[in-house]
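Next, two complexes with chain A in common: one pairs it with chain B, the other with chain C.
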Partner chain A sequence: MLVSDIKSRPVYKGLTVDDAARRHLVAAEGEGALAVLEAFGDAPEAWSRMTLLYTPGGSAPANHAEALQARAPDAFHLHPTRQTLMTRLRALLDTATMGTRLYATGVEGFIGQVVAAGIEHGVDHFSIRTEHRGSLARRVQCVHCKGFMDDVTVSPVTCAHCGVPLLVRDHYSRRLAAFQGVSIDAECPGDVPAAEEIFK
Partner chain B sequence: MSGGVEIPVRVVDVEQATETVKRFRLAPLSGEALPPFSAGAHVVVTMDDHGRRIRNPYSLIDRAEDGSSYRIGVLRVPNSRGGSKFMHENVKAGDRLVITMPVNLFPIVRTGRKHLLVAGGIGVTPIYAMANELKRRSAPYEIHYAMRNEASGAFIDELRAAHGDKLKLYRDDMQEFVSVSEILPNQPLGTHLYVCGPEGMIEAILKGGREAGWPEENLHCERFLAPTGGEPFSVVLQRAGITAEVRSDQSLLEAIEEAGVDAPFLCRGGACGQCETTVVSCDGELDHKDHYLTEEEHASGKKIMICVSRLKGRELVLDL
Partner chain C sequence: MTIQFKSETFRDDFTFSNSPEAIRRFPFPFDKDEYMYAVNIEQHMPGPIKSPYEFPIDIDEHYVAEMRDRALVLKEDPLRCQSLPHMLTAEWDLVELLMESMAKNYPEHFELTREGDAWHWINRPLGIDQKFTFGDTSTLPYPPMEYITRQCQGDFCLCDQRNDDLWMDAGIVTTQADWSLDFDVGMSFKEWHGPVPLAHDIGVFDRALKFLLNLQQGRPVRRLNWTMTINPRLDTSPENYHKWGIDRTTVTPENVGNKVHLRVELQALWRLPRSNAIVFSIRAYLIKMEELVTIPKWGRRFHRVLRDLRPELADYKGLTRFRQMTVDYLAKHDDGAPTSPGFFPD
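Our next item is the complex of A and B:
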């Protein structure tokens, strides 16, 4: 669990199954597979109403995909990357009807992207059930060039797009699903402290 | 204080919409434009019935484009203690009233992808304003309007003219009823539902929504709750050092105001939370009627919403 007293920091309450939902639309990444397995347990009824999108991320060797598929979700989409998963999720959200409940689990950057896609489709973020699993890696937006980086575990980090050394702040944007990265050596160019791995 | 900034108004037009509903057009005495309001808002109207002050909330139907007037619609209720009766029998064009600034406890959710508006009877007043706002914004919406019979549908003509086939009518006398199994399925994700009408209708629609898997965040209602009266009791306002009697036909808030103490309020209908008051002690059972406090708060006996709730007992001591 991530802890922070920063207001903009999202809170993940855990995946709890909404029994009233007609359809469970579940987006899972990496270790998030375990949260899905635990939350939905072996209630075949719930799995029979589930559309499950999964991308293994760094957890590929553990082969959670097989364990998920074994529970026989109504529809199972395995994606090689987050990007392809998000494209499919957006297409599903476009045609989804009320009674569909959205769930997101995995690393924080992934949850954030799923929540942002839900919000774009008029879903209230309070009604999206989320659980953080896996590393504390952050999705960061460079405030200078506006480029995004996934899976950032260190701060400062060099912006992959414009090369500016960035301090990863605790400031989170729900709309962008990213933390803010701001130039760390603006006052004193070249004076960059050593990178520390803080979001493991 | 109490209900916030007040606006003195003059009644410029009274229209008998149906046998039991009148529409009133209210213009500010100051001549300055009335503030724009967001659809779903209400104002509290203060009436002066020969020295007796009556205050009732009424939803705003619309505002003249130049801000020169608001309209409200009032149903005459049977066994009225005064408010709706006074509006119907005494208020004429040219008369003065006082209203509060608009307050919205029933707003449209701007991020919604579609909006289902459900109205029963006089509950159509906020729905009317919401439909117009949604039309202005070109947002997708449907209106489901239930009434006893066509003659009692105070807003049918205006709604039909503005919204065409987005309006669906349900007439009790023709055995037509709003049914959740018809209106809820196949609505796109991100749809919000808003219902205002009789208590039974609100409960049925909300229950249907929950059972259809709609999250609480997408289900919205407004109840035209009024204080019901009950057995008389005494109230002690500890800080003010005042003891007052709450008559059987009076709400706690009304009795407190009559005793000269201005307690805060916004809705006078148990919904906004503004009148929440700490109970110091009481020698009976609190009779909670509001929809604001949680069940635990009701059970704790430490808080009371003085606009609608009362005491079943002899004496209530409040931190006021």
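Our next item is the complex of A and C:
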């Protein structure tokens, strides 16, 4: 489990199956597939009530999609990218019925986006079951131009939108699903330390 | 008691300054010669006449200029004012709190007439005369919180209370000490306080939250917080930090008295009647070092506070680059004499 002393970072408690749920709406990314396989095990009953969305990301060579599909979830949506997965998830949340339980697993930026989409659809964030798997890469928002960057592994990082060199702060917004990036050379223009790979 | 509103700026040519009366009523935040975080909360009772604590909402000579600055910030960046859909009742609560308080305590400047839900609000300094239906958003030119806070000094956060926590679910923040409302919306009490050093470990936020969860209607509380700002700039937001951060490098021994400002936040908290939300007001007061040292006790005391401040706090508040130069300036105004207890001038 990801242990952290960043006060605003969510705690990812791990996927546990809600036996009372009538529908398991599961969003998984990359190595998150393994968390789903472990949590739901081989209880066919649970898989038969599952709508599963999966995007392999960097884990494509491991072919987790095949293992997931082999458990015969009631509906299986395989997506080429996180973006397409999120589009499908939003559509499913629009029509979700009472008794639906939302789960999210994968890298932090992915979990965050699923949780944020849930909140937008009136799901209490405490009720969403989450498990971190994969790298420690961060999703970052530039506080100046508000542009987002996925899978940031270094700090400082140059904003891909406005070009300002950003310090990646240890401060996380659940609503934005991102850490905050703030100008690192505002008080010493041009004096930008070398990027360090700290979120691996 | 008519206030003479000044015409002044908080950006570009920075013409802001305090009158001698404004200096005397400045909410100096140190009652001792040293400073550390604490749960410094007291009842928000009427204070001495002419002090910023005399009335629940303080309106002063900077009112009109500050409202103009707020309008400029909002025009550039509408995300400084946000409210989640469930906060509408709290927004109306805020309209009532501010209009009632301003009209009652500054009748020369503000007037409120209520007949059931038919309200009539007059704001003379800003030239506003508005009839509206309380509770009907379509009868105001802005959403309720934005409408009234475009006419009231200070930033405001509206916090919803649920799951034994407070949630920053609405606010208008244009005069902040380097934090982002857009980033913090939706956070809980300890989450939005995440970046504050030391205070979590000594239990300040545990105790403060517990206290606030039990805040009673009709019994508001207040506290003071402080930082320092270069130039009298109200909008020291993270959003614009890449533009104003450079100011911190412009302090010299020659201009320190004029450029370096103590920035004090008078923060008050009320429980709101209809929504059960809490409103947190953050009213910023600025005073340059040259003005501060005209009150000898304050010059002496601030010298000692700043000199001995823990480095973690100095870093967090962003003082590190100009702290020593300011301490050197203030040292010339500290003769080593003992200071009397309490905040007020001798």
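Just so we're on the same page, the second predicted complex is superposed on the first by the 200 of 200 C-alpha atoms of A that agree within 3 Å, B and C clash if a C-alpha of one lies under 4 Å from a C-alpha of the other, contacts with A are read in each partner's own complex, and residues count from 1 in each chain.
What we mean here is this: contacts are C-beta pairs under 8 Å (C-beta built on N, C-alpha and C of every residue); 3 or more make two chains touch, one makes a residue touch a chain.
The shown structure was predicted, so the numbers you read here are calculated from the model rather than taken from an experiment.
> Would you check which partner chain A:M98 touches, where first means chain B only, second means chain C only, and both and neither mean what they say?
first
> More residues of chain A are touched by which chain, chain B or chain C?
The partner making contact with more of chain A's residues is C.
> Let me test your reading of the model: by the given contact rule, A:A75 touches which partner, first (chain B), second (chain C), both or neither?
A:A75: touches no partner chain.
> Let me test your reading of the model: by the given contact rule, A:A21 touches which partner, first (chain B), second (chain C), both or neither?
In the superposition, A:A21 touches chain B alone.
> Go through the superposed model and pick first if A:I198 touches only chain B, second if only chain C, both, or neither.
neither
> For A:F126, using the defined touch cut-off, is the partner it touches chain B, chain C, both, or neither? Pick first, second, both or neither.
In the superposition, A:F126 contacts both chain B and chain C.
> Return the residues of chain A at which the contacts from chain B and from chain C coincide.
Overlap of chain B and chain C footprints on chain A: residues 119, 126.
> Provide the residue numbers of chain C that touch chain A in the complex, in ascending order.
79, 163, 180, 182-187, 190-195, 200, 238-246, 248-249, 321
> Quick check: in the complex, which residue numbers of chain B touch chain A?
Against chain A, the touching part of chain B is residues 109, 111-114, 184-192, 210-218.
> Mind pulling up the chain A residues that touch chain C in the complex?
6-8, 119, 126, 141, 143-144, 146, 164, 169-176, 180, 182-183, 186-189
> In the complex formed with chain B, which residues of chain A make contact?
Residues 18, 20-23, 93, 96-101, 119, 121-124, 126-127.
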